[in-house]
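The two complexes that follow have chain A in common; it is paired with chain B in the first and with chain C in the second.
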Partner chain A sequence: MKRLTPRRACVVALVLFGALLALSALPAGAQEAAKEPAYREFPYIGSRLAVWAVAQLHLNFAAFILGVPIFAVIIEIIGWRTSDARYDWLSHEFVKLTFAAFSTTALLGALLLFLFVGYYPRFWGYMTSVFFPTYWVYALLFFAETFTVYLWYYGWDWLSGSRKWIHVGLGVLSNLFGTAILFVANSWVTFMMSPAGVNEAGAVTGGVWAAINNFTWMPINIHRLIANIVFGGTIAGAYAAFRFLSATTDEERARYDWMGYVGNFVALSAFIVLPFAGYWLGREIYAFNQTMGITMMGGFMSWLWIIQAILIGILFLGSNYYLWLGMERIPGAERYRKYVPPMLIVLTIGFMVWATPRSMVVTLDEARAMGGTHHPLLGFLGVMSAKNTVVNLMILTTFLSYILYRRANKVSTRPWVKTGMALQWAALGLAAVVVVFYGVYGYFVESIVRIGFSVYQVLAVLAAIVLVMAIDVPMFKGASSTGTIRWGTIAPRSQYVLILLAVTFTWLMGLMGFARSGIRQHWHVYGILRDTSPDAVTPALGYASNVITVVTLAFFALVMFIFWLGGLGEKGKAGAHAHAAPVLAGGSDTDR
Partner chain B sequence: MRLPVSVKVGLFSIAVMGGYSYFANSIPQIESRPPQELSLEGGNVTPAQLVKAGEEIFKTKGTCEICHRIGQKGTRAPDLAGVGGRAAKMKPGMSATQYLVESLVNPNATIVEGYPPIMPAVDKPPIALNRSELWALTAFLQSLGGTVEVALADIPATAGGESGAGGAATAVALPGDPKAGKAIFTGKGTCMACHKAGDVPGTPVGPDLSQIAQIQTPDYIMKKILDPKGMGTVANFPPGVMPQDFGTRLTAKEYTDLVAFLLTLK
Partner chain C sequence: MSFLRSRFLQAVVVFVGAFVVLRFGIRPPAPWSVITLYMAIVAMALLIFVSSDRDSWASFVRPIWATLTEPRYRIVRAVVVVGLPLLLGYYAYTQAAARPQAPPELRAVHPAPPDSIQFRGKDFNISGAENPLRKDPDAFARHVAAGGAIYVRNCMFCHGDNLDGQGHFAHGFNPPPANFQDPGTIAMLQEAYLFWRIAKGGPGLPKESTPWNSVMPAWEDRLTEEQIWQVIMYLYAATGQQPRRWEATH
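Up next is the complex of A and B:
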């Protein structure tokens, strides 16, 4: 496997380091910045599009190499604790994929840097004047990350058996480094959005830490971290789906069916928390600057949230559909089929309410016809109260799907099973009642009070989830089985659902990136450094989505290429492979 | 013939994203354009034009509409219908103009009851209106149920002043037309009834203004015309003689022209 040599990766790391070193000359150069042009023009497509495309691609890859290892270490730990070799194999498989994407990520990062330095010199000079010390931290972390991942990957066999804990520790460590890198990069990006530690003229007053720890830094950190896990999971699922669809043997199909299932499971678990992180971020944006918050939700970006809601609805529906399809391959699941239609109804209604706009930019005539920018009837559903309510209900429904899936082939042998089930239903029902109650009550109180209500709603949902699981786990321990999961027999269209989820989530990330940077409008650094380039206009959604689509396609094409390379390596040494996949056909009843 | 999986998956992905793109292109396409600077150069503005420019700012660069409605009660910010009329009564000792200007540049000084203190100082970035724009905006607000009486001089000179690297501010350029101003001085303004100014003969009821631009700041001169009492009385001259009502008698253009003329008197 030539492409994975440590030497190659060191070269990449050195390129990056060299670039940083070159940049360190910048502060001195900042005095000369006055003579330098503020912008240069990128040929043909313009500087903004060039930076946009490379930044989005870089982010996609970075999310991939940060998200997939989180996912990998989680399943490595599961495999280690349960001594289930399948998980260990899967984990190794994923680290291999990460590995292949490592150098591409670094090169894209360096390219992005060059674009900034070359085409946005004044902007970059300013950022450097604020953030220079963090560049070094970034470079050091990058080194640390690279080497730990190398050790993690190449030490797989060496650190097995009784030394496995060291190996798991390495996996955790590389994730900590990876997360730290993410946090550093986030500080730059969030500073542009909600600058802190500088005065109105942009001069540093509060030190670099104040600039790092700005209003949106932590919320974005958390939001991106969780989103990366979702992303890693969906990409893993899509990879498995691809392998499933091209599999030639039942054994292969069984293995990749299972892999896709695990990927989707991890993605879904993280996805359920993502809306909460999103609300937090939104609230911080309002706290930083009301005008920015309102422009974001009700101004020229209002339509963006409708598209976002549609995508999220598709993700929820898709994952539930996948679980339902998956139940078809579990003997005994017929018992739960009757729950599907009501769940589908809840999800669909939720989807529709969530996609209802609150207020939007309309033409003057449309506004007159409608009697204001708030639709008399729809505006009623468009407020946050309704949206919070339905998203919580959708989360509960998805959780229910999962619970049913879990017990599809199990019959509890506990004597208290009736009580247990009743308690579970009661918990779910109560949570739903609490959610709806506060949702309706929210219409009758001041907005300040209403914001507090969403906390109760979330707490009710989380409490129900914890309680139901606390009952579920002992209730089905040692349960008798109605048959093993027939891995590999899932309908092929379920695999397209997995691909749909990955594509949709990646596209959604592109859209959110546009929201994050578009919200600054004609500012590089909001309120401080104005965009005076010809590209200062923030484009409309149509244009933005075209760019997002093209870049996302490019991303998947690159990833496919990398996966294909990965496949080549395997073909060469089929039998002799050190990490031969454990046989899965016929499945196992330790589903997860 | 069966298509290879990679082709099928590729086509599927393209169809999905193409669908998203198609939808995003089918909705209203709204760009966010960087705001244009308004500078009342040439001073060619009547109050009506000023109000119109103010309305434009209200709807675009000022981004006021994301919080305020006119003639419609919002939950977020007060209805601004009639604000020009009620402004005079809002704060004891403050004229309508003063109150409105304060609302814009120092919004938290007075909080309208029942609303949160969320209004940004609109002369600061990111809205960053300059003085000309604040002037026009105030005129527009006054036109909502009140009389337009604001003058550029009412906008504090510090407003919209500083801004960041490449920030939005431009110095207010208000050249006016000195020739037209001279005509106001001798004609409609009736200044020459009391003042001499260079080659314009006048009476000694008020001070000789022949060198006024040299001894006084533009800011003082502008304010003095609109509010003679408020600026104190020149030594050895009787107080209360200079008329108080030029602010309402002169149009904005006449006023700027007149100031431009006075600024030539060195």
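Up next is the complex of A and C:
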């Protein structure tokens, strides 16, 4: 892999240089815009589909390379402070994945830019007239990010030992650059949804900062930042699962079992707070423009939320299932098996409530029997009070699964263990009561008050999580062990769950991205720049789902190819690898 | 009774039990589309339950494996091999066969309003609009009474004297008229939204999510702006619902 370094570096540098050159020509191009056609037609599939597919692929790769370094550097810091080589190896493995996908992300980004410039010149000219200064910032940040990540990856051995803090600093720095890149790109996307700093004719009135700091910018920044971590975790987990399933030795299986567990843990930890960020984004969209909000949640996009509910239900069930399967490789976990059925019941009922549509697909006879398309009983489950309640309960249940997994092979030796456990159960129970109380009370108050209740529900859940962890950590510090985790002995079906989670999340990102973008309807920039191309119609949901499915398949095909390429570099020199893989207990009952 | 400990049997019992509860325990009956969704989730959860540990999975798979391989289950195997495809075929037939009624339709919950409309030749901005009649609390009862009279003269025949969408003409319409008593209708919406729906009626519905099949007339030709606001006040007062307020913007 290292032999390819100069070539890879050249590709990225050339792409960025080309993009910069193209950008520098854009102001002149914008002046000529009046002479140019507003649109050009991409052969065969049309311009919109071409831009859509490339944008989604670029976003998937970008989310991956921005998400993974966030937890990779945290894992590196853990390894550095605890002097545990396993974590250093794992962090290196994660960064290796990022590294492999780096140039593909840049290439797709450049391709997307060329498509905009070539096929949507009027739109791109307008965006340039508003955001031109940010293009330079973006390109410079990309250079900084690229070289920092390169240095981070290739300097792993060089900056070890007493210079490790410099290496960790590079990791932190690359994350800061990456996050800044995300925020800049988000300003363009969110301006298209909720333009600010321009008058009704589209002329800039408030400066570039006003355009950047538009209504939905920060909610999307937060939402995407968290979602990138979840996405990175699931893809890394899927990679580990793939390596686990193709492993030929117990040691290899044990390593990748552990890596898959960490990937899922990272994804799950961030996933728990993702619905809150999504809800905030939804509220801000409503607050910006009622039409947009209703189109998204109650109008023609509303059926996407049923698909979203099903996919998120699968993510919840899958993540918990993986933890429960993982408990089989932990001696002592049998004590907690009795909790699985009740947790599964809560998750299942929560899933059913979340997936219940407000307006149902009914025949005329069914509608007459119900007195409308709203069922008099089940209709109550179709509104946000019910949805917010069950998602909070599902989050609490998932957190409980994790807590049980965490203590599966531990027996606390603290004298106050009974009090601690009682407090933990009380915190979880109280949070559940608060969530249900506000969920039910929400039906008896006006909308604006009900919306505010979601904040109390979220705070109750977060407070319970913080309190339970604050008790759990000291309670199990120095705990006696019922046995070592037998890494590598997990049932193979668990690995397919990891792959399922990655595919589901990728699909979900594409679908909800379509919802976010599609609510602009026939506007490039909502209310400012109208889409007058032949593609101005919003695609039907079935068509959009098909496009996203094909893009998801293409993404995984590319990811597999890139990971396979990365694996080629390792062949034949595993023993000589600078980051010799650690030996984990596993493969047999004997602790190693 | 050792067979009751079989995970396979337990799963079948729970699956059938869940179906019975969902099909016959909910009144009025839940639509098939929802029951199918629920049963798919139950099936998923059951599979997770039976496969969440090795012993359970072995117990679940054992009778299936035995049926497929052991000679003593030859008759059962034959019944399954013939019966299962027949059942699936019957299901496919029921889904594909033509019926003497319109097929089920996906319907949007609320049509999205435009940002502004033309009302009797003047621009009316819907986003952020408040009901002007609420500015004078002393006149509230008078406006509600006037709105009630307008409702009885114009709206009651479809939306019902109880405002529950069960008017005299309601049974002739698909979809049925809106039920204002339902907390999921007017309680979720700002008054400006209702103004748009009443003023523009079915013809003013957006192009997406069509066909709406709404027979709601456009009342802007028959009612004045004040009368529309009055009837809106009546709808909320008579049902006890509160209109949604606009959120603060930054």
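Details
Note that in this section the second predicted complex is superposed on the first by the 558 of 592 C-alpha atoms of A that agree within 3 Å, B and C clash if a C-alpha of one lies under 4 Å from a C-alpha of the other, contacts with A are read in each partner's own complex, and residues count from 1 in each chain.
By definition in this document, a residue touches a chain if its C-beta (ideal position, glycine included) is under 8 Å from a C-beta of that chain, and two chains touch if they have at least 3 such contacts.
These numbers come from a predicted model, not from an experiment.
In the superposed pair of complexes, A:193 makes contact with neither chain B nor chain C. Once the two complexes are laid over each other on the shared chain, residue contacts for A:503 go to chain B alone; chain C is not touched.
In the superposition on chain A, A:461 makes contact with neither chain B nor chain C. Look at A:530: by the touch rule set out above, it reaches chain B but stays clear of chain C.
Look at A:521: by the touch rule set out above, it reaches both chain B and chain C. Look at A:403: by the touch rule set out above, it reaches neither chain B nor chain C. In the superposition on chain A, A:311 contacts chain B only, with no contact to chain C. By the document's definition of touching, both partners, chain B and chain C, reach A:294. Using the contact criterion defined above for the overlaid structures, shared-chain residue A:215 touches chain C, although it does not reach chain B.
According to the touch criterion, the shared surface of chain A, contacted by chain B in one complex and chain C in the other, consists of residues 289-292, 294-295, 298-300, 303, 310, 360-363, 372, 447-448, 521, 527, 538. Those residues of chain A that touch chain C in the complex are listed here as 215, 283, 286-292, 294-295, 297-300, 302-303, 310, 313-314, 317, 321, 324-325, 328, 337, 340-341, 344, 347-348, 351-352, 355-380, 382-383, 443, 445-448, 451, 491, 493, 521, 527, 538. Note for the complex: chain A touches chain B at residues 38, 122, 126, 200-202, 241-242, 245-246, 289-292, 294-295, 298-300, 303, 306-307, 310-311, 360-363, 372, 447-448, 496, 499-500, 503-504, 507, 518, 521-523, 526-532, 536-546, 548-549, 552-553, 556, 560.
Chain C contributes residues 26-34, 37-38, 41-42, 44-45, 48-49, 51-54, 57, 101-115, 126-127, 164-166, 171, 174-176, 178-179, 182-185, 187-188, 190, 193, 206, 208-209, 241-245, 247-250 to its touches with chain A in the complex. Residues of chain B touching chain A in their complex: 5-6, 8-10, 12-14, 16-18, 20-21, 23-25, 27-35, 63, 66-67, 69, 72, 75-76, 116, 118-120, 124-128, 162-168.
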